[in-house]
Each structure stands twice: as C-alpha cells, then as structure tokens.
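Read from first to last, the chains carry the letters A, B, C and D; within each, the first residue is number 1.
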Amino acid sequence: MDKLNWGLIGGGKGSQIGPAHRIGAAIDGLFTLQAGALDIDAARGRDFAIGLGIAPERAYGDWQAMLANERGRLDLVTVATPNATHYPITKAFLEAGINVLCEKPMTVTVEQAEDIAATAARTGTICAVNYGYSGYALVRHMRAMVARGDLGRVRLIKAEFAHGFHADAADADNPRSRWRYNPAQAGISAVFADCGIHALHMASFIAGQQALELSADFVACLPGRLLEDDAMVNLRLDGGAVVRLWTSAVAIGRMHGLNIQVFGETGGLRWAQEWPNQLFWTPLGETTRILERGGPGLSPEADRASRVTMGHAEGMPLAFANIYADLAEVIAARKQGRTPDPLALHYPTAQDGLRSIAAIRAAVESAQSRGAWVDARPPSLRS
Amino acid sequence: MDKLNWGLIGGGKGSQIGPAHRIGAAIDGLFTLQAGALDIDAARGRDFAIGLGIAPERAYGDWQAMLANERGRLDLVTVATPNATHYPITKAFLEAGINVLCEKPMTVTVEQAEDIAATAARTGTICAVNYGYSGYALVRHMRAMVARGDLGRVRLIKAEFAHGFHADAADADNPRSRWRYNPAQAGISAVFADCGIHALHMASFIAGQQALELSADFVACLPGRLLEDDAMVNLRLDGGAVVRLWTSAVAIGRMHGLNIQVFGETGGLRWAQEWPNQLFWTPLGETTRILERGGPGLSPEADRASRVTMGHAEGMPLAFANIYADLAEVIAARKQGRTPDPLALHYPTAQDGLRSIAAIRAAVESAQSRGAWVDARPPSLRS
Amino acid sequence: MDKLNWGLIGGGKGSQIGPAHRIGAAIDGLFTLQAGALDIDAARGRDFAIGLGIAPERAYGDWQAMLANERGRLDLVTVATPNATHYPITKAFLEAGINVLCEKPMTVTVEQAEDIAATAARTGTICAVNYGYSGYALVRHMRAMVARGDLGRVRLIKAEFAHGFHADAADADNPRSRWRYNPAQAGISAVFADCGIHALHMASFIAGQQALELSADFVACLPGRLLEDDAMVNLRLDGGAVVRLWTSAVAIGRMHGLNIQVFGETGGLRWAQEWPNQLFWTPLGETTRILERGGPGLSPEADRASRVTMGHAEGMPLAFANIYADLAEVIAARKQGRTPDPLALHYPTAQDGLRSIAAIRAAVESAQSRGAWVDARPPSLRS
Amino acid sequence: MDKLNWGLIGGGKGSQIGPAHRIGAAIDGLFTLQAGALDIDAARGRDFAIGLGIAPERAYGDWQAMLANERGRLDLVTVATPNATHYPITKAFLEAGINVLCEKPMTVTVEQAEDIAATAARTGTICAVNYGYSGYALVRHMRAMVARGDLGRVRLIKAEFAHGFHADAADADNPRSRWRYNPAQAGISAVFADCGIHALHMASFIAGQQALELSADFVACLPGRLLEDDAMVNLRLDGGAVVRLWTSAVAIGRMHGLNIQVFGETGGLRWAQEWPNQLFWTPLGETTRILERGGPGLSPEADRASRVTMGHAEGMPLAFANIYADLAEVIAARKQGRTPDPLALHYPTAQDGLRSIAAIRAAVESAQSRGAWVDARPPSLRS
C-alpha cells in the first residue's frame, strides 16, 4: 500500500502530545508526514517542521496557509493545538474534504461539537477524536468480550483517572498548571474535562452504551482554584449500566491512574493503563484469570491491535498507533473503493467527541446544582 | 497480669464472625472464655460452649440467663448476635456494669444508638464497637501519620469496600444472602450498612475527622432487590476533608476490597486490606515508598499493634487481637486504678457506633431524595 | 476436648520466635501453657514465665529441673532455645516420653539428627520440627495439588529465601548478627542453614520428593565473614525433580523472600510467603488463575488450614497455629486411642529434620569442593 | 537531520523479530527502509519488501545481490536471519564498510565471533548486536546508578529469563520449537543461548563488569531433548560481582520473565521486563522507593531513552527504538565529522557479542563437566 499523506497542526517544539502523535503515526509506516503548521510562533514552527523532514514549502506558519495550499494533497490532518482552536481548524479542514484526527476535547461548547458532528456527516469526511487509550489491545478486548456477551448485561462500571501532579499549593501559580484552573483559559471544567472524560469515553467504548444522565460532585481542594481539581460523577448509561467515575489531580502518588472495572451479570473485568498488558477476568463463581496481551485465545479485535509477542510490554505509543492504523485502513478503503476491515472501525468519532462535550457540560451543571441529576446527552441525540 | 474474664453472646456453631473473635481474644492470652450464650437454639449453644471449654454451669441457653448469673463475674462481653438484638443485649449488659464489645452495627436505629452512647456515658462502662479493621498495624500508622502532620491537612479520601459475592442472580433467592436485601430482616440499608460503613469508619479513624454531610447514590443491580447492592457516597468531614466512598456486592472478582487512599497537602497514602502488611507513602514531589509492617521507623501506634517481624504477614485475626488488647489494657487499668497506656485508646467506641448509624440513616435518606445532601451527624452531636 | 498441657523451653523475654509459638499455640485454644524454662538467666526466665500465667512452681530456672518435675504432666514441649542445645533437650524429653516440637535446626550434626530420629522411632514419641511455613493453607494446597496429580510429574522447582538484613558492612560487627557468620557459634553454615533450608523443606514438602544429591556455590559478600551470606544450590530429588535454590542475607530490599515456583508436566504454581493468601496456578496452555485462600474449590488440606473467610488475610501466626493444630489432633487421637484425622499428618517430623541437617552438611561439602555433586541423604536413608 | 538509509536482511513475512525491528527503526523517523533481502524464498521476500515500500529494484532475492548493489548506499544494515547465517552476512557487510546491527547470537562459534570483532575493529565499521532489552530507559538508569556509585560496589546479581512455552511434551515435535533442541540446527545450547544470554548481557551491562568464570547446570526436562530447556549458571565477574542466573523454557505460567536484581554495598535494585516502567530501589537501611520511567530525578541516560510522560507505559518496541536512536546518532556524527553524544554510546557492540558467545561455550563445557568452573572469557580478552 502506498503511504498516506499526513499533516500535523500543533505539536511543535516542547509539546507533550506532539511526539506521541508522530510516533503513533510512524510505527506502522502507513503515513508520511508531508505538511505541518506546528507552532503559534510561525518561524519556530517552520524550523521545527523542517527538522522533522517536512519540505520547506510545506512547513507553514499557520493553519490557514496550510489549508489554502494543501487542499487535495493530504489524506489526514491531526489537530493538536490548544483546545479553543480545535473547532475552527477541524471545521475548516472537514469543509475542505480533508479527514481530521482531532485531539480532545473536540470543541469547547456543545453547540460547536454539534456543528462538527453535522459537518462531518454532511461532507462525508472522517472526523476522529483522539481518545487514544481506546487503542490499547486489551481495551479492545474488553469491548469485544462485552459485545459477544461474555459478561452478560453490563451492570456497573467503576472508572477512574487519578493523578497528583496539581497537588502542590506552592506550585499552584506556576503558569504551566495555573491556566488549567482558570475558566478564562480552560473553560468550564478542569480535571473532569482533562482526565475524567477519558475514563467516561472508555466506559462507553467498552460497554457499548452511552451516557443518559449524571450527577456530579466537583471540589477544588487547593485554595483559590476556580475550577475543580477533583470530581466524582455518577452516571446512568442507555443500556442500564451504572457508572461510578472518579477523577483527581490532587491524588499524590498516583501517576496516570486510568483504571477501569466492568461488572456484568456473568463476570467482571479489571484493567489499568499503567500496566496495560494484563487484563484480569473473573467469570461468575470462578477464579480470576490473567489474560496477557498477545496471548492465545484473545479476540480478533485484540489481535489486530497487538504487534509484539506475549510477555513483551506494549505501551501508550502503540495504542496511539492503533488509532492511526484504523484511520489508515478506512481512508485507504475509501480511496480504493472497497469496504474497510470492520475490525478497524473502533476509532472514536465526532459522535464520541460530541457526547463527551455534552457530558462535561452536564457535569458542570449538576455540580453547580449540588449534584442534581442532569441529562447528559447532546440535544441532537435526545430521542 | 491475671487473665480477664470474658463472655461471648452469639458466635455459635457455623458463625463466621465467632471464630474471628475467639482467635482475636486468644492470641495474646489476655482473656479466658468463661461464659457464653452462643446460639438461639439453647441446647446447641450450650453444647458448643462446653466444647469450647466453658464450664457447663456457665454455658447458657440465652443471654438473659447469662446476665442474671454473671453480674460481677465478667470483665468483658462480646455481642455477636443478629443485628436486631445488639441493642437490647448491649444495653442490658452496660446497665449491669459489664463492659461490652458489640459487633457492628451497634443498633438498628439512631435513637437506639443515642441510647447506647448515653448509657455507656452514664454508667461509666466501656462500650466498644467492632470496626475491627481499625486494629491493623498500618491503619494505625496512617492515623498516627495524619495526627503528627506528615500529610498536612487531609484534603481527600478515596475509600472503597467492594466484593462480588452477591452478584449471582441464580443465587439471589438463597436464604443465606436473600435476607440481606429484605428490609424486614436487614433494615434500611444492605451493602452500605454491611460493608461501606467499615470504609467510612476507617476514613474517619485515619483522618481524625467526622462526617458532616453526605450525598448518596444507591442502586440495586439485581432485579427484585429492595435494598441497594451498590452504593456511592460523597461526604464532607468536619475538618474539611472530602470523602469518595464506593461499596459494592456485585463487583465480581473483588474479594474483600477494603481499600483506602488518603491525600493531604504534603503527601498521599494507599493501603489495601487484602495485602495489609505494606503501606504506600508518597511525600509530595518525591518517589513512592513502601512501608513494611514491623519495619524500622514506624510509629509507636504501629509498633504496639505488631507481633511478628517484618516480612512475615500478619492478617485479620491479629487486627481483631489488637482491639482485644486495647480493651484488656483499659479494663486492667481501671481495675488497677491506673491510667491506661494512651496507645491503647484506639478501639472504636459507642460514639463511633452512633455516628455510623446516623451516617447510614442519612445515606438512605439522601439516596431516596436523588442524592440530596443530608446532615450525617447524630442529633446529639450537631453543634 | 480438654485442652492439652503444653510446656515451653526458651522463647523468653526479647525472643523473636517465642511470641510466634505462644500465639500459634493459643489461636485455637487447644493448648494451655502449663510449664516453662524460658531463659538462660534463671530468675529472668521464671519472672517472665509467671508473667505469662504459668504457676510459680512450674516456672523453672532450667530445662533439667523442668524435665525432672514434669514427667507425665505435659502433652507437648516446644524447644526454642539456641541451636546447639536443641539436641540434648529434645533427646531428653523424647526419652521421657514427652512429645516435642523442636525449632529448626533440629540438631547441629548429622549424627545427632540420626540419633533424634532413631530415638523418636524407638520411643514412639512424636518429634516435630518447626518448618513452620509448611503450615500455610496455600502451601498445603500446593502439596495436595501435586499429590492428586494436577501438575503431572514435577519437573522443576525454583525456590528462594532472600533478605537483606545482613548487608550493612558497618553493622557487621554488631553482636546481634556477627555470631551468625562465626563458625564457633553458628556451625558450618550461615544463611543456607538459617534460611535456605526452609525453602528446601518447602520444595520437598510440596513435591513429595526428597533430596538425592546437590551442588552448592557459597559466597561471603561481606569482607571478613567466615560463613556464607549468599548461596545457590542445585539439587536432584528422588522423584526426578530439579531444584534451583537461592538464598541470601545481602539482598537489600528483600524482606522475607520465601518464594516458590513449582513446574510440572501439566501446570505451574507460584507462591510468595509475604503475600500468602494468593496462589498463582497456570494449567498448561491456559491462562493463569489466582486461587484465594479460603475460596471455593480448594483441597480439604487447604480448608482445614484456613480460619477466616476468603479475602481476609491470614498470616504467619496462623501458619504456626496449623502446626500446633496438627499436633493437637495427633496427640489427642493417641490419648483417645483413635486414628488421627489424616489431614493432620502434615507437620514436619524428625525425618524432615534429619534430611535437612544432611542437606546442609552436603551443601557445605560441595561448596568447599567448588560445587562438586554430593550425596544429600543422611546415611540411614541411603538405600 | 536527513534520514539515514537502512537495509534489512531477514525479517520477512511471518517473522517475529522483523516487525520489532521495523517499528524500532520507524519510531523516531531517523531511518528510511531503502533496501532488503527479507526471505530465503526470493520471490516471497521481494514481494514482501515491495509491500513495505521498498523500491522494486532494491528488493533483493538474496543478501549477496543486495551487497553487490548497495555498497556505498546504506548507512546501516540489520541482520535478522537464521542464526547460522549471521556470521557470513555480518562479515561481508562489515568488509564492505557498511554498519551492521546483528541479531543475537552474533555468530555460532567463538572463533567466528573473534573474527567479527576483529573485522569491525580493523575496518572501523560499527557492528552492534541486538541485546535489545538494554534499550529500556530504566535499564539504562540502573547502569547509570551503578556507574555513579549509588550502590557502592556491586556484590551480587540475581538474573533470570524464564518462560514456559516449550513445556508441552505433546507439542515437542512441533517443527516450530523442535529445532531449538536439535544440535544440528540450534548449535550447542538451547535456552541458555536463546534466553539466558540476554540476562547475562543485562547483568554485565548494568554492573559494568564482564564474566570471568562460570559453573553451569543444564537439564532437559522434556524426554528426548538433546539440548537444555532449563539452566542455572553461577558466575564471577571481573569486578568481583557474583551472578546467579536462571533460565528456563519449561516454567509454565511465566511469560517473558527477564528480571534482574542488583545488590551492592549501599542499596538494591529490582526490575522486570514485563512491567518495565517501574524500578524498585532500596537504599541500605531505608524503605523501598518506586522509581517511575519519565519521572523527575532520573539520570540523563534514562531521560534520553524516554519518549512519553511518566505514567504512560513504554514497552519493548521503544527499547528497540533506543538502540536504533543510539546508532543513528553515532552514524550521523561520523558522517558529520563530530563527536557523538556520549549518552548514545550504550548500544551493545561486537565485543558484547563475542563475550556472549564465549560465555555460552563455557557454560556448555561446564555443564558437560558436572558444573566444573570454566573460564568464561573469549581467548582474545584473557589478560
């Protein structure tokens, strides 16, 4: 297969997420980085792009110039800019018929998110949103186990994403973290929008169910913060599952605690992002089994998302690579006029992005009403 | 020291909790089991008591006969009968001036609990309640660390007690578990009163703070259940700490998931009851350290509660033994007219029992009001 | 059942192993501590004994006085004195017809060990040796699994007992540890005789096979030590199993690393003493299962050795209690003229003690011959 | 920097190691795969190469054709062919002045290995050997900790590499594994040469010490095997460290048990390949700390080998990528006539490959002499 042509917006020098995207896109050799507008500082962005091997004439100072020049030349653009710019950039590229992988959050407001989802549907362009942890092989296996009925009906999901990197009061004025708790820069939610929403996407992804309503308790543990640094959200999903979701930025000692437990009628699952190569599965009334990534007897969904043999750790960059591999297959299939491999249809879409924004708004509303239950669905998806 | 005279009510043949009490009381050789009314079936109870080495004339058919005959002869009575009988038995023995260790829940209603607390205060008799997990050496060390300021102000506690032993719908009509979800037998709450309340006591015990108000979400995951088999409770404690408490009986694969994480201004702690000999401690900005029970540098509170050397596991029976050792010290000090070792003053009291019952009632009330925030304090302790 | 009469020699004030024996004997209430000679310092020993509730006239200044006075009055004597005295004390009590539980090592020399084994056989008295870790419920389950064929033929055992408490060169002259590396006080072997031999007993206990021959590599990592502080021993057992046994006292960070892995034709097992309530079992070609102590489906051997329900940790004191419970059953059966419960016949005997001493001598001989293979059997057990 | 030109020999369709190399080389975008001779079946190899994006005229049917045509056009060739062919291919490319990364074992005999090492030295060409686990960030951190003296003198290393994938007697005749135990195909050693040697390289790599002499115990647990499927090797390194090395292919339940423990005068380290993002560090007399990959305070060596932030797992493909990144830096520096970053000088070299082959021969010789101690050094490195 010819390599696909890939563009990157944001993700310049010093970016945390940029390297993860470049590695994710590089791993399988399916994409060639052809164009980029990598930095708000145009000169710095062009320099960095050229350093990455992009031809000077395709190293742009801003995304508008890139859009003007790259129409028809790119198969996929990744948007990894500051949150508030996701909407205009994504919208513009979709309108130009260029497929987009947008970092989360897809937009700032629900109205924008509705617009993106509608734009993607109208233009027939792919809009993916990078809930990248859904790329892990064993996360896909959990989804497959639920889908094929191993757990019976899913009753209950315990999800959490806890870290402690914003717990230091002495560091609270550090510009690197302060903006996250300033509504002017961060919007309506801090740790729930930043971290907790990953856990919610994962719960929905695995259960195959969407949020109906929720009740949230937000607190700011550090004095002076205007947005929450710890949140507990209870949800009901549309298939009847209950979700208990905890997220925190003040949990000193926790690193990247994106953990999930899924309990159904006939079994329970446990998985933790920091040790992603093992999945604990307990069939009702039996002993717990340790499923190994790459091991025999896993689902085709898991096998497709594994590259190295059992017992060798695969980590987060390979989860991202799976999102890119899905997109490559779907894009290639379109170009070749064929049906894509159904196993590739697991990447998160604009619909997921929209649902996430709606859930964030609902959680904020609930938290402001002392935990009142609030409809968690975007307006367009209320039946 | 002469051994203390101990009596047991309930805990007969087939009881789960009876052996744990007998082992706990036996471990340090501080008590001699002298009298018992062990079973609702008088003959079976007397036989079992005699088999345990109780003299036939002190093996009673019911607690009333025991009370009538043992006045002045016992230093401590343990009450391990069905929940609804805790109140009359405990009250009667306290009135007779006999110290009591009562299984939890101390009573069924808040009014009864107020009465027990008042009776203990009025008679000057010791009334302890068996939140036995507070006996673990490293739980006591966490309490000591908080008390001496290692964590700064406690901001946040994540507590959980999750198991999966009531998840089987096919087994839901089994009399062994069905009564737990029947209000006529179990009262107003199932898994929160049975399990979650242990996690709440532990949170208060460690933080040295008491519940002020709470919001609860109760669900019955199994069809037909009238009481909750899964609950999430958010609390505010009187020292400002936020508690996130999850408890479940349908978490297939979880055994006895009484876990706690305590986050303060200057560090975080993590501990799990199933692996009770290690405590994970992360000072702010530093690496996580693994503290070993019995190891050097622990607090006097932890050292007093350790019996075997570091690296050898101690388990639940030794936690119970620590509660008994505390009581033995306090009872002996009274008999000898001396001040007890302050390190022994960590056993849970009637005040703890009362606060727990009030919290259960508040949680039920909140759950029935879709999570409205409810005062969690007993009437007598509202300032 | 009437309580059995128990005597203790050694285990006085400050002893590490004394409390473990007293707790182990107390847990099930099967023994009453009636007599003791607890200390080399006669007055201190008598005071301590009286403090434990022993009648003054049975609190002895030395074991000879105890023996003279207690003949016919005791059901069991535990010998927990310094190693060099195990032989004369054990021998004298056995000759007097009193059952003995002797701390390991049973004797210093193979000749003494042969004598003890022969004396026990001749007199028909019980002589047990406290390889106390064989009392753990899941260790007994491993033995039962091997015995009933779950693993097929045992091919390979990886056993280790590693700690780091003698790694500090600055502390090497501390009298508390120096004697262990001084042949005049410690005999011919240090860490292998002290720790490694537990791992070897456990391997034999589980496999149901005995050591045939061995090759040892001993090193003294700390300068100036005359005995080994680290050892690797390869063995062949009489049923064909290969054993790889590592033991160390300089493994900084290891606490009490008594771990064992057993590999057969049809499955593998892993267990660690520091987390004794879980056993990892991998049937050939299947996923690993986590077996929980107290859980359903374990063997009768494991069930007999469990006291509290699944999910509650049991620790080392309960393992010791299982040895005492075995002995109580066998002693009581003799007194009552009945056949003992066969599930009680798992305590280590003088034969085990003898085999251990022979293995230590063989390992020393091999280490002195640069790892030459040496017969590991005691003379009396070479066919 | 311009991308370097990379060629691949072996690693065709169905190869296990091929994808790991391609991913490793792709991750940082430093190399472009320009040429390949991927399969013994020429047509299949060419097809596969073209599928990978290699130009048809550089997709070769055999390595000789590739060599003839690519002289002067490639910066690095990776040799991932069957073991017996490593020598002629590596030798030929080195002679042509093309840098080589050779899969292990570098050669079959010590004489060949000496020749490769001499050839690399004579021609001034880079010859690296893929002991790829040395690329893990925390392995490099261990090496740095030892080098800067955190552990004092290294006394003892416990290394193991245990799996259970060759334990099934019913599968022993499966051609996929049978060849490994057939001397005609596999050479003089099976599991030690295949797996154990990785553990030995890691021990040397971390300790900065080389093997002096060794004693080995090899066994074939499965009947009919002519080569060992389990081995224990004791070594002495030239800096005084003792190594205990266990390797097995019959350890059912173990996946990829490449674990190492390093004990020095002032601290101990523990690391396991299956959970490579945490390192356990115990300073003498203190509690154990958990060091997180990507966390603050690690060495520059570790930082250079980390790509994603702390708390996100990195796995084996990124370890391989670190080897490739090292080589890219050194090759680029040569091309640019500058001194390479000293942090890149950690890739294993032909010297390491030579030492490994010598250690394998020594271990076989020792095992055949019942564990006699044998010089482990290659002839050219005996002083």
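Methods note: a contact is a pair of C-beta atoms (placed from the backbone, for glycine too) under 8 Å apart; a residue touches a chain by one contact, two chains touch by 3 or more.
In this text the structure is predicted, and so the values were computed from the model without any measurement.
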In terms of mean CA position, the chain most removed from chain C is A
Where chain A and chain B touch, do the two copies share over half of their residue numbers, giving same, or under half, giving different?
same
Rounded to a whole Å, what is the gap between the Cα centroids of chain A and chain C?
55
So, in whole Å, the Cα centroid of chain C is separated from that of chain D by 42
Quick check: how many Å separate the C-alpha centres of chain A and chain D?
35
Where chain C touches two or more other chains, by residue
281, 285, 288, 292
Of chain C, residues touching chain D in the complex:
155-156, 158, 162, 164, 167-169, 215, 217, 219, 221, 230, 232, 234, 242, 244, 246, 248, 250-254, 261, 263-265, 267-270, 280-285, 288, 370-373
Residue ranges of chain B touching chain D (in the complex, touch as defined)
281, 285, 287-292, 295-297
Chain A - residues contacting chain D, complex:
1-3, 16, 19-20, 22-23, 26-29, 33, 51-53, 163, 255-257, 273-277, 292, 307-318
